[in-house]
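Just so it is clear, A, B, C, D and E label the chains in written order, and each chain counts residues from 1 on its own.
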Amino acid sequence: MQKVSEKVIARARELMHDGTVSKVVGWKAGEFFYDCEPNVFETEESLKDLVYNRFCGANLSKYMIKNSIASGGEGAGKVLVLLKPCDTYSFNQLLTEHRIDRENVYILGVGCEGMCDIDRIRERGFKGITGVLEADSGNELVITTLYGEGKVNIDDVLLNKCDSCKGKAHKIYDELISDNEDEGPRGDRFEGVRELEAMSPEQRFAFWQAELSKCIRCNACRNACPACSCRKCVFDNNASGIASKANTDSFEEKMFHIIRAFHVAGRCTDCGECTRVCPQGIPLHLFNRKYIKDINDFYGEYAAGEEAGQRGPLISFTEQDIEPGHAVVKGGN
Amino acid sequence: MSVNVSVNEPAVKAAAENAAGANTENKEWRPRIVAFCCNWCSYAGADLAGSSRLSYPADVKIIRVPCSCRVNPMFILKAFERGADGVILCGCHPGDCHYSTGNYYTRRRMALLFSMLDYIGVERGRTRVEWVSAAEGARFSAVMNDFVAKITELGENVKVGDLRCKK
Amino acid sequence: MKLDEKEIAGIIKEISGSDVKKCMKCGKCSATCPAYGEMKFHPHQFVTMVARGKIDELLKDETVTRCLSCFACVERCPRGVEPANVVAAVRVLAEREQGGSNFVPDEVPALIIADKEIPQQALVSAFRRYRK
Amino acid sequence: MQRLGVFVCWCGSNIAATVDVDRVVAEAKVQPGVVFAQDYQYMCSEAGQNIIKDAIKQYGLNGIVVCSCSPRMHEATFRKAAEAAGLNPYMVEIANIREHCSWIHKDKEAGTEKACVLMRAAVAKVLLNTPLKAGESKVVKRALVIGGGIAGIQTALDIADAGFPVDIVEKNATIGGRMAQLDKTFPTLDCSSCILTPKMVEAKTNENIRLITYAEVEEVSGFVGSFKAKIRKKARFVKEDVCTGCGVCMSKCPSKKGLNEFNMGLNNRPAIYIPFAQAIPNVAVIDKTQCIKLNTGKCGLCEKVCTAGAIDYTQQDEFIEEEYGAIVMATGFRPIDASKFDEYSYSTCKDVVTSLELERIMNAAGPTGGVLLRPSDGKHPHSIVFVQCVGSRDVSGRGKPYCSKICCMYTAKHAMLIRDKYPDVEVHVFYIDVRTPGKNFDEFYRRAAEQYDVDYIKGQVGKVWEEDGHLVVRGVDLIANEQIVLNTDMVVLATAIEPDPTARKVANMLTASIDTNDFITEAHPKLRPVESPTAGIFLSGVCQGPKDIPETVSQAGAAASKVIGLLSKNKLTTNPCVAHSDELLCNGCSCCEKVCPYGAISYDTHLINDHGVKETRRVALVNEALCQGCGACTVVCPSGAMDLKGFSNKQIMAEVEAICL
Amino acid sequence: MNYSYYPGCTLKTKAQDLDFYGRESAAALGITLEELPEWQCCGAVYPIARDEIATKLSAIRALMAARDNGTPLVTLCSACHHVLTRVNGDMQRNADIRMKANNYLKPAVPYAGETRVIHYLQLLRDEIGFDNLKQAVKKPLKGRKIGAYYGCLLLRPSKEMQFDDPENPHIIEDFIKALGAEPVVYAMRNECCGGYVTLKSEAQAKENVDLIIKNARAHGAEELITACPLCMYNLRAHQDGSMPVRYITELLYEALGLREGGAADET
């Protein structure tokens, strides 16, 4: 990871320096070293803050909507974006939907060995964390704290989305910096969905009621989601008939999340950003994965963003499609 | 594919009796049912049920839409939010859509939506899609009788209702 | 075990993958069959009888052993009924009822003595097809 | 400020018996926005309509709800009445309290309550109605017919007779199509040329018809009323307006190896040729694959012998661009390739022919001069076996799943003609079913069997082989329950027909939908059989599905009358309940475009002023002339930019809320 | 070029010619046919029943052995080719059979039909090429009029066998041409010889063979060739001996000039 990181930063500088790109969309460390946030670097100088480490989980694809299309007039130069393998799916999906002007983008595919969740590190008893370093042995991280050092197994502290990593292959790029062999997908991403499906309707209802009642309608999920990228959300639009700023009753929470998931059904690349950014820790990906699982079961395997230009499952049909009445039974089992 | 409507006899009878006795027992609970019908087949099928005097409970209220594919999942969720106990969506039989392909999209959307509603714990029977042609007045009536019976059996939409902000 | 007539077509489909309900009764199978003359129940009749579940007679009859498995009917059937597979499936059902083998090892020496050119392939095939 | 009126109809006792109309009126009066409510015995009557008109004027109503029978019954009536009183007709909503209420409920209390709810929902909706105006678009008064067979010719003639100019684009060098290749036609046995060629000449001479032969449509844009087409006129290497059709060039041409397409390749033709004697235009064409001059630069004989000076080896493809109000597809069919069924030995035995080949053999202008001779040795056959359903009703992948419809009849025709002309020839017909629905059709078939002694055998043929100068046919007679082996001299295969391979390309160009067999889909299989779902595109002949000549001609006439109906209008008014995209909300994602069955949505990139922010954006545009208002696009649109006029998201949700209140 | 080779039971006994000439010719063409160790009889007829697994196992073992060798599997006997190709197809396409067979055999690596099964003729056509074969022919069989007899098992069902046009095949004709002889095309070349039913009804086989030979002769064939031992048996046993019948490999052996080399004895 360290090596890739150095190469990536050096290459970004080089591309900016030689004029190939005029902007860089990457990550910048925030107040703490683990607060890596998306940032648009517009000068060579500013690139000193560019980072690429275990905490760059954020998917930068969505930032390319603004930065590729509204990148200014003639001769403004391309915009460099750093994409991890999973991010490229979102990028492709946005290309499919004409949200990104491919011409204006230079994609640097960056290798990824999994991104960490600081909360999971904390859960393992570390306090006063001052740094996270790659250990010499392959699968461990060294956690330095105010009180000394400790080690953790990487697999134990990955982001939820990395638990079911799609694989290490980039689906689109102009240039690649990666040491990783593609080992294919990791884990069973539908495990959580299956667990819920196995519950009784009452249990499921209770589960969602408990989870969704935590929702504070901060819209972080919506803002982070690369598929949820409408210019104006229906929930903000008075003309839509369902506009609402906050939940006035608890069905509205459900309505918001179901509609959000429905709007991205067939377009969601399962990038996991919604769950990653939720300040309340709601497992929002369980909505999206339910749709993905149903789509796979009903209409055949489909991975949004696998390639640009795909025709999504909700804008396709076959004459023999499953009936909704049967879908409920099949989907639930 | 059309389903064979297996009418639940006692429940239908109960529903009919309840409907009949509505004015005597004023406070008795009746389900609220929203039916979306496409203009070309199902709405006409409902008209035929009417002109053939094939009764079904008055709990069913029909909203006319040009095609079943006009029905946005938001409408269905809105209905539940506002206290509907059941929502049924009727369209032309697959292959017979007036707009040739509309109901195929409906079928996919609703398959996913219904599966999701089931997933969040809403009872399976509260939503339904039926294909009813303009010639199937009898079928329209049978479908509605059956649906009302099933919803009556399920009772008030407590799960959603409890959460609802009662006005 | 007596099978329900209504289930026969389904059982045959399960065994062979061939669906007799697809038959449109054109007779192409019988038109094409090189063993037609040797069969009491000709291919088109055979398929119809299976479709109707009337296979008691078929189970007992030599017809099932007269099919050459040359697949000409399978190839030429316009509806994908695969009559040879249907015959084979009925034969499988017959084989599964033990006893009354149509070909026993004791017959082999005589056959070989009578014609020393008979290839192994013929004997193996015959055992597969005729033995119970 | 909304000023609504509610009108409750009794419909005699139809409504009033089960619905307490007084209560509905009372309830209506307290609905928001309602300033007037009244009941009447028959709202649809003149007097009832006057009540509505008067109220609109008197109370300045800007929206009304009529509680009455189904909108499918009287919506149009009440809209007209409203319009007459100066109210926009789309400010009218109907609450269906008859079919959906009074007729199905016996209990008056329940019926009344429901009627009130339905009224409430209609009021809630009409509160959100906006005046709509039907759009208008121009109509170019010219039609394009693609395909110059009998279907295309008949359609063009009928349109031309009504006074509208028509262009026929034909890919071959002459019009006439398949029918020109036929000898006789069933069930009357009149000669095909005798009835077709006068029509071909008429098409040539009709001043409203322009024939564009040896040409193909390359591009089509636009929509109903104003299509633009680009037509490629292929180089003939013969000046069409100079050639006199004398045919001298044909006799002198040294390259005579080209297969004669008109005779189904049964004989050869020169490199420069006129397809057949009655060709229209009667002009030669050079087959550039066969011409020695065009391939080697040497020869040039035809140029030398042409006294008219019509030959031009330098001719290039030309392009014609034209605007049309309507387009008719008449692309026709071809027989499938019989070599996929080589158990009949079509590939290896010359005496196994297809029905269309037999048609040529029996035609006086055909390769044998109309004498029935075996292709292999030119001898007179003594026995002929016909095999029906070769590749029809075949789901094995080799053939077509559908019935080709014409084979039973033409086989009976062939059998009868042969028995009539050559009584010594034995004729056997193997059939699965004989399908003869049609006027005088079954009688015709029975005549073949009864009067002409044609031997109809119920069963199929499994194998045909050649031996010692004759053919052997192994088949089955299902009635006799026996396998039969016949020695015969010729075998005729009734091969299935399939849409001409150009149909798919043309359909894609026109955004006309096509089925899995490449037949063009009709807008409605029963009620709109000659229209494509794409407005302005019409269907004529076999491109829509297998059919015989009488059916083709009647469909051609039907398509023509639809075209005439369209072209007679000066403007097209369009259904105003169409989709509409709010460009400030549109993401430009193209989802709506993909689900639109009419190709009504396109994309445009232009400068948009979004509350002061100016940006170039890609946004959806609905062509109101094409949109039919189904609403499929509105649901795939995640941002809600796409909405449907008359059935907007807000309107439907208001109805939902009113019902659930 | 290396290939796994599955001779089958008959080629080890009654059809040793077919095997011997095949191997020698292949060697002469630079092809190594490596006989699978401990192969078992394929069963000679394709086991139709989808619900039984035991009858398919011997074929699967052979297919798996070839997979483990990392080479395509060459067959020569039509029946073996038929059975191995179809069982392989089942392993590719029928998840139920695949699961059951793998559960039963418990191989180190589960088998899913990875092996490419090719017939000797396909080897000649697709791997060597008939043009190259023509070059290799030392003693062209000039002037010989030879009828190809395909029989059933190589061609049908064509959806599974994917061998050649089932109604108008030409691979053996092309082979005959490559050897310098004149192929005789006749319609009955893909009709059944009577197969194993010959054991129960000689009359049936005789009738079939009569039709085939009569038709071949009518088109001028002076000899027939086949790839199947059972066809060979029927074609020879049910005629008067006036129509010679040979294996395809024998013809190849001859044309390659191997007979002159004295490498083989005729059996």
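Please note the rule applied: a residue touches a chain if its C-beta (ideal position, glycine included) is under 8 Å from a C-beta of that chain, and two chains touch if they have at least 3 such contacts.
Source: prediction; values computed, not measured.
Participant: Could you tell me which chains are in contact with chain A and with chain B alike?
Facilitator: D
Participant: Sort out for me whether A-D or B-D is joined by the greater number of C-beta contact pairs.
Facilitator: Most C-beta pairs in contact, of the two: B-D.
Participant: Can you name the chain whose C-alpha mean lies closest to the mean of all the C-alpha atoms?
Facilitator: D
Participant: Of all the other chains, whose mean CA position lies farthest from chain C?
Facilitator: Ranked by distance of C-alpha centres from chain C, the top chain is A.
Participant: Taking each chain's centre as the mean of its C-alpha atoms, give the chain farthest from chain B.
Facilitator: Most remote chain from chain B, centroid-wise, comes out as E.
Participant: Taking the mean of the CA coordinates per chain, how far is chain C from chain D in Å?
Facilitator: Taking the average C-alpha coordinate of chain C and of chain D, the gap between them is 47 Å.
Participant: Please tell me the distance, in whole Å, between the geometric centres of chain A and chain C computed from their C-alpha atoms.
Facilitator: Computed from C-alpha means, the inter-chain centre distance equals 59 Å.
Participant: Round to the nearest whole Å and give the separation of the Cα centres of chain A and chain E.
Facilitator: 57
Participant: Roughly how far is chain B from chain E, centre to centre by C-alpha average, rounded to an integer in Å?
Facilitator: Going by mean C-alpha positions, chain B sits 63 Å from chain E.
Participant: What residues in chain A touch two or more of the other chains?
Facilitator: 234, 240-242, 314-315
Participant: Would you please write down the residue numbers of chain D that are in contact with two or more other chains?
Facilitator: Residues 343, 463, 595, 636, 649, 652-653.
Participant: Residues touching two or more other chains, restricted to chain C: which are they?
Facilitator: Where chain C meets two or more other chains at a single residue, that happens at 37, 72.
Participant: Hey, which chains are touching each other here?
Facilitator: Every pair of chains in contact is listed here: A-B, A-D, B-D, C-D, C-E, D-E.
Participant: In their shared complex, at which residues does chain B touch chain D?
Facilitator: Touching chain D: residues 19-20, 22-23, 32, 34, 39, 43-44, 46-47, 49-51, 53-58, 61-67, 69-75, 78-79, 82-84, 98-102, 105, 109, 141 of chain B.
Participant: Under the touch definition given earlier, write down the residues of chain D that touch chain E in their complex.
Facilitator: Per the stated touch rule, the residues are 339, 341-343, 345, 347-349, 397, 463-468.
Participant: Hey, which residues of chain B end up touching chain A in the complex?
Facilitator: It is residues 1, 3, 73-74, 77-78, 80-81, 94-95, 101, 104-105, 107-124, 127-129, 159-160, 163-165 of chain B that touch chain A.
Participant: Note which residues of chain E are touching chain D in the complex, please.
Facilitator: Result: residues 159, 165, 167-168, 185-188, 191, 214-215, 218-219 of chain E touch chain D.
Participant: Enumerate the contact residues on chain A facing chain D in the complex.
Facilitator: Residues in contact with chain D: 69-70, 97-99, 228-234, 237, 239-242, 263-264, 311-312, 314-315.
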